[in-house]
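Remarks on the structure that follows.
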Amino acid sequence: MSNEYDRSGEPVVQRFTREFLGEPNRYQIASAGVALLALLTVPFWAGQYLYVFALASIWAIFAMGWDIISGHTNYISFGHSALSGGAAYTTGVLVHNVNPDMAMYITFPLSILAAIVIGLLFAVPTLRLEGPYFSLITLLGVLVLTQLVYIYGEYTGGELGITAVSTLTYNLTNLYYYTLIPMLLIGAVLVVVSQSNIGRILRAIGENEAAIESSGIDTTRFKLWAFLMSAITMGIGGAMLAHFYGNITPSTVLVVDRSLEMVAIAVIGGMGTIAGPIGGAFVFIILRDEVLTVFGSTGRWLALWLIVLFFLVFLRDGIFPFIWSRIGSIGGGRDE
Amino acid sequence: MISDIITILIVGAMISAIYALIAIGFTMIFGVGGILNLTHGALLMIAAYAYFVTQPYIGRAGGVIVGIVLAAVASYGVYMGLVRYIEENVVITFMATIMAALALQEAMTMAFSQQAQVLTPIMPGSVAIAGTRMQYDQLLAFVFSWVMIGMLWYYVTNTKDGRAILATSMSERGAIFTGVDLPRVRRQTWLIAGAFAGVGGIFIGRLQQTSPEMWLEPLTLAFMIVIIGGVGSIKGSIIAAYLIGYIETLTVALLGAPYRVVVALLIIIAVIMYRPEGLYGREYLE
Amino acid sequence: MSSDTVFRIDELRKEFGGLVAVDDLSFDLQDDEILGLIGPNGSGKSTVFNCIMGIYDVTGGSVQFRDTDITKLDTHDIVNRGIARVSQESNPIPSSTVGENIDLFTYPNDIFSLTGGASQAEILDIARRFDLDEKLDTLPGSLPHADVRRLEIAKALATEPEMLLLDEPFAGMNQAEIRELSDQIRDIHAEGRPIIIVDHNMKGLMSIVDRVVVINSGQKIAEGSPEEIANDETVQKAYLAGAEVTN
């Protein structure tokens, strides 16, 4: 008999890679390696796009943060920019109102804490319930936070925002690595989580929550845990975005459109895979800021949303899982 | 003091009537297919712009009719052209409908710019009721709302097609057993929901604003009202629409307009914590 | 061998709105017993199971398991205390293979556990018991009906239960499959697990249950050995009223 369940005496290292990475063939390993190498060497082959790639790295963090909860469990958040925006505004408000020279080792943890607190306000009332409650709360949450920014305009700068945040660096190459490295580290952690028991349980919750509850798994606890990981990720990304732009306005970091961009990136890249949304972020940001600009400032958005619709209807799994399985079948993959 | 209370009572009734129009279509679509149609707000926008464009040529009544018809047709189109192919996956439908709404927002921006447009009054003039000055259009919205609710009630209780819709929203399985043509019920529901959204959209566009971003607020209102009323329940939606309408009117009077959405969030959290099935939600039988 | 009461339902009551689905029902289960819970369609059998498993909040009464009150516990707590239920509907995770579906039911309820769960050999063992060992890499969607039902029981066993609830296990099976499944149920029981089986048809149950509780409209109308129940007039009447003969 030859199925993958007869594997007595399998070497530990092999078992570990199989547990966490599946069984990629040599072409898949090669393409993943090439992609990683390409990202690490962008300054040498695409120097003029460094700013765009750096921005895409931050958006990759956001998309992964969305994906670990919404992409895995199918509890769709329409308000994740409230978490990242809340973190960005925490950095901004501290610098703007308390002390312009406040060190990052103070503002950064506080910003992440803000994302967690906002996240818990969303999650605790809604995640114990199935159904659309979570989506409604997240949607309302981001609208409320945006409104609060206007109401407390004397502290937040209102529509014009806060410009006092220090930028990371003016050297584009450094800027790129400052965003890429944290993104890859977060990505590595979340890929391991996604490929572990936890990720499988979260995806099973997305497919059939009642069934997985009857296996003895406390689904509410797992959802809250996933959301906490998501909030921390959004907090890191949000604080980074504040320093990336050096200014914070509702429309660049907070409004609901930013949340929907995160959804779009995860959909294009491949929901529930973590690695997919990373790639999706680069595809989306490059389309938005470089390619689709030929349609004009409004037309590019129309084109983008139509592309996302195309994916939802015709390629639900997203582009990267599709490519991955195509490459997987090059060597005459097993039975798929 | 007394006159303030009367003002709140009257203003609240007018705005609630429009909210009921918006929420009914949203809840009907959920009732017959389990779908939360997030393009619903964009249908309002389509009706408002249709009135804006056609009214100078074909008059006010003509503009209203074109607006309603176009919203109904657009709703039907969203179902036949998009939702029908993906409705078996609720989550995909959920995301696709909001992406479609965003696409419509950008299309409207390209056609009419970001600028908010001012709509010609449907019935110009105003009248003082108990010391409160009301535009005729506000009263007209109230009348339209109840006339349409009455027509819907007649339709679902006294016509064959209407009863099929009602039966489907109570139990899809039961409806199939009694020979209801489910695809037909869904098509009709989307058409009716679109017409309701069209009426709501023209009045929102006329009394608040007509802009490419006008879809979001009514959408969140409809979403909230439906959760509070109990998903799928038309009666619950009407009552919840008045609840939200009055609470908003009070919030604006006491705290100021910017706090509307803040109070709304607090209410919805309270509902979710203490009565997640809503006012008229039902616990599922086996 | 002396037997102890391992499980007891006391005055269990469940109302939906004004409708009484389970009406002050009481029965118990000995630790060496297979109990049949039968009744016409719509008599409240599955509701009883849903109340036991914490899927519905009960209106009144209590559920005891090994001298602990489990009435108010969440489903996952009840499963972790040792009760597993095989529900009437099959609901495997469609995108996971048979093996992964079984594996999922062995994962620890621990948010920090990255790799816990049964070993491949243990999964193979469970699968072998239900002739699924050749199909571990198959997706549930392409399995025949009887295999999907077997997978449900395999999943329930993977949680290492001390007691099993089976909800209409024979539905949709042919005679040969019913015989085979009956043997498997006897084996599971012989390993020391008390079992409650719900069915609306007594015939399939007669050969494997030790005792039968009959309910109608949520009330217990008879209780006794299979032979006694087969000859009980109240039971016959209840079934005739429900237009279903026990034959």
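All chains are identified by letter, namely A, B and C, in their written order; residue positions are counted from 1 within each chain.
Here is the rule we use: contacts are C-beta pairs under 8 Å (C-beta built on N, C-alpha and C of every residue); 3 or more make two chains touch, one makes a residue touch a chain.
According to UniProt, the chain labels map to these proteins: A, B = Branched-chain amino acid ABC transporter permease; C = ABC transporter ATP-binding protein.
Everything quoted here is computed from the prediction, not taken from an experiment.
At the far end from chain A, in terms of centres built from Cα atoms, lies C.
Of all chains shown, the one whose average CA position lies nearest the global CA mean is A. The distance from the centre of chain A to the centre of chain C, with each centre set as the mean of the Cα atoms, comes to 42 Å.
Distance from the chain B centre to the chain C centre is 45 Å, each centre being the mean of its Cα atoms. Rounded to whole angstrom, the centroid-to-centroid distance between chain A and chain B, based on C-alpha atoms, equals 33 Å.
The part of chain C that touches chain A in the complex is made up of residues 53, 55, 74-77, 79-80, 84-85, 87, 91-96, 99-100, 104-105, 107-109, 111, 113-117, 120-121, 123-124, 127, 133-134, 136-137, 155, 158-159.
Note for the complex: chain A touches chain C at residues 1, 3-8, 19, 192-193, 196-198, 200-201, 203-204, 207-208, 210-219, 221-222, 225, 335.
Those residues of chain A lying in contact with chain B across their complex are 74, 76, 78, 125-126, 129, 131-133, 135-137, 139-141, 143-144, 147-148, 150-151, 206, 256-257, 260, 263-264, 267, 298-299, 301-302, 305-306, 308-309, 312-313, 316.
Only residues 36, 82, 85-86, 89, 91-92, 94-96, 98-100, 102-103, 106-107, 109-110, 216, 220, 223-224, 227, 231, 258-259, 261-262, 264-265, 268-269, 272-273, 276 of chain B touch chain A when the two sit together in their complex.
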